[in-house]
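For reference, the structure is listed below as structure tokens.
Naming follows writing order (A, B, C, D, E and F), and every chain is counted from residue 1.
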Amino acid sequence: MTENKKIGITLRHAPYGSDLAQEALDATLAMGLFGQQITLFFLADGVFQLLKSQSSSDIHQKSVEKQISAFELYDIERVFVCAQSLRQRNIDTHSLCIDAVCLSAAELQKALSTQDTVLSF
Amino acid sequence: MTENKKIGITLRHAPYGSDLAQEALDATLAMGLFGQQITLFFLADGVFQLLKSQSSSDIHQKSVEKQISAFELYDIERVFVCAQSLRQRNIDTHSLCIDAVCLSAAELQKALSTQDTVLSF
Amino acid sequence: MMSHAILHTVNQSPFTHSALEQCLCYTQECDAILLLENGVYAALLTHPLSDKLSGKKCYAIEADLQARGLLEQTLASHIQLINFTDFVGLTTQYKLVQSWY
Amino acid sequence: MMSHAILHTVNQSPFTHSALEQCLCYTQECDAILLLENGVYAALLTHPLSDKLSGKKCYAIEADLQARGLLEQTLASHIQLINFTDFVGLTTQYKLVQSWY
Amino acid sequence: MIFSLLVLSPPSSQASLSAYQFANALLLEKHSLYRVFFYHDAAYNGSSIQCIGQGEFDVIKAWDTLQEQYEFDRVVCIAAGLKRGIINETEALRYEKTAYNLNNEINLAGLGELADATVKSDRMITFGG
Amino acid sequence: MIFSLLVLSPPSSQASLSAYQFANALLLEKHSLYRVFFYHDAAYNGSSIQCIGQGEFDVIKAWDTLQEQYEFDRVVCIAAGLKRGIINETEALRYEKTAYNLNNEINLAGLGELADATVKSDRMITFGG
């Protein structure tokens, strides 16, 4: 895999209701491991994945917050989050577990369209 | 199974996107076969199951319309459909494949609350 | 036991799915609503159905709020946090349980 | 080929799920929308997003409309009915495919 | 009270965990559990060959443990199981399949068992989604 | 063009059929299909012991037939497959399971195969829901 592609990953689902969010983040970390140029887009209920103070042991699931905290180790640094989705859900950026760049829907659309390919989770 | 219970079955999902609607109707027919007193509630996207002129062979699924047409054979006669759900979806009662009784949300709530038990599909 | 009252469970996010909206459509005064799994996001104050929900007897599974980091957020004050033992208790008090998913 | 345009696929009913609403939020002028599976219910004229959709280039899988009995209903006139070969063709014309489900 | 559960969700969905937690709670409260009927994608809760990592929760094994402590019926709908590849030895032979994977503690049975449970239980709770 | 598909849905979902129909159509159009990667509940598309009634469509068998006609890779993500009980002989031995059920035409492999397919294909299409 010598090519270097701009790969967008959209993450739109709330965590824990199904393990889709966990598996999407596992895939994200794996893409990072393979040295691809990754940009993450947390949209709609996907922004719930970024909340601080998740404590999921009582529902017997591994913490999505912990997975997200590992982004840095995997050199995943381009993380976009939808400002409108946060606002609709009354989530302050101070409540997020990582530094994500807040963008408007129009900016996100533009950033997405500059990717070479996209994985839709 | 000598007891005779009033069993409500709520059907709220559009057909074909998953096989939940088909399996819910299979369960309905089985309950009918076992001589229970069944009342069906088609709510929300569940009203789409009742549309005429379904032709699902190109998507390789058995017809939900055919399953529903078998209700009479199984003595399932109490079929309620939500008038508001039909209206929201612009579906005329002439477009339905069986004679179902149109009720308002309040009437449906009341009819549901008189059941002895409910299976939620 | 309430002879004609229904316990409604809702386990989908109200921001993505119409399960809660559907539920509220068919709920009467004496009924109760239990939020669980992703349904607990309805405890956030801002979602469009928050007002409608505030008129109802409403419960939510605490472990589901905790898992999702929601206990640190501003929540609708009238929602009572419960565990699965309480959930079982509720199902014995209401004659029917209708699940919206 | 449109170098910065996106093909959006939507496969959930707009009456139950916010997939189409989300999609419309992040769609620009040059993008196109393909409705498939339960997404084809958006071709009905009455759903709340019908107006917004009418400004977009929009396709729907005909077999999915047919399966659901929708070809007998009044449909939004600007939606073009296609098959899977056309779907493949569209994915070659647009640089990216984003799936909303 | 006598409870039965109708479960519709696969193990990947939290609803299948909720069903287990509900069963556990009702049994601790001295209610009785007549039957758990796995239907639709919940048929996948009938596998015996899931491989769960150390430290991760195995909902199928948790059901096994609960069933060792209390008496109740676990049924996978035979029609739902067959088409999803959750089968016992008999069905493997009948359909000429090379393997079978149904959990030993679970019966493969028809929708009549759902009807029976619905009639015989004071409460029937559906777990879907 | 070179396509790869990321499939996330179980056989009970129409999305898994759509993925197959899309693959079939692109191959008929003389495009090439590099890899189909089954992830999340799509891992269940890797079973070899599903029992489909006469006259009903078997999407897994349809993939087998397509793969006989054209060359492409079918992969079930090993992590997703293990926890769902879609395993091959090697994993059955490793985890001391009594049976294995992975379709012969399918490989169990890691997420690197998804990364590889994403890089090497002109188009990556996700089928979920």
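We adopt the following convention: a contact is a pair of C-beta atoms (placed from the backbone, for glycine too) under 8 Å apart; a residue touches a chain by one contact, two chains touch by 3 or more.
Bear in mind that the values here come from a model prediction, so they are computed numbers and not experimental data.
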{"item": "Chains in simultaneous contact with chain D and chain E", "value": "A, B, C, F"}
{"item": "Leading chain pair when contacts are tallied as C-beta pairs", "value": "E-F"}
{"item": "Farthest chain (mean CA position) relative to chain E", "value": "D"}
{"item": "Shared interface numbering between chain F and chain E [over half = same, under half = different]", "value": "same"}
{"item": "Chain centre separation in whole Å, for chain F relative to chain A (CA means)", "value": "25"}
{"item": "Distance between the centres, which are taken as Cα means, of chain C and chain A, whole angstrom", "value": "28"}
{"item": "Mean-CA-position distance for chain B and chain A (Å)", "value": "39"}
{"item": "Overlap residues in chain A, where contacts from two or more other chains coincide", "value": "16-17, 19-20, 44, 59, 61, 117-118, 120"}
{"item": "Residues of chain E engaged with two or more neighbouring chains", "value": "8, 12, 14, 40, 56, 123-124, 126, 128-129"}
{"item": "Chain C, residues touching no fewer than two other chains", "value": "11-12, 15-16, 18, 37-38, 97, 99, 101"}
{"item": "Chain contact graph, described as a line, ring, star, complete graph or other shape", "value": "other"}
{"item": "Pairwise chain contacts, counting only pairs that touch as defined", "value": "A-C, A-D, A-E, A-F, B-C, B-D, B-E, B-F, C-D, C-E, D-F, E-F"}
{"item": "Contact footprint of chain C on chain D as seen in their complex", "value": "15-18"}
{"item": "Interface residues, chain F side, partner chain E - complex", "value": "10-12, 40-41, 44, 47-53, 56, 82-85, 87, 91-92, 95, 97-101"}
{"item": "Chain A-facing residues of chain F, complex", "value": "6, 8, 39-40, 79-80, 110-112, 114-116, 118-121, 123-124, 126, 128"}
{"item": "Contacting residues of chain E [partner chain C, same complex]", "value": "1, 3, 8, 14-15, 18, 21-22, 24-26, 28-29, 31, 123-129"}
{"item": "Complex contact set, residues of chain B against chain E", "value": "1, 3, 5, 7, 19-20, 23, 26-27, 30-31, 33-34, 36, 117-121"}
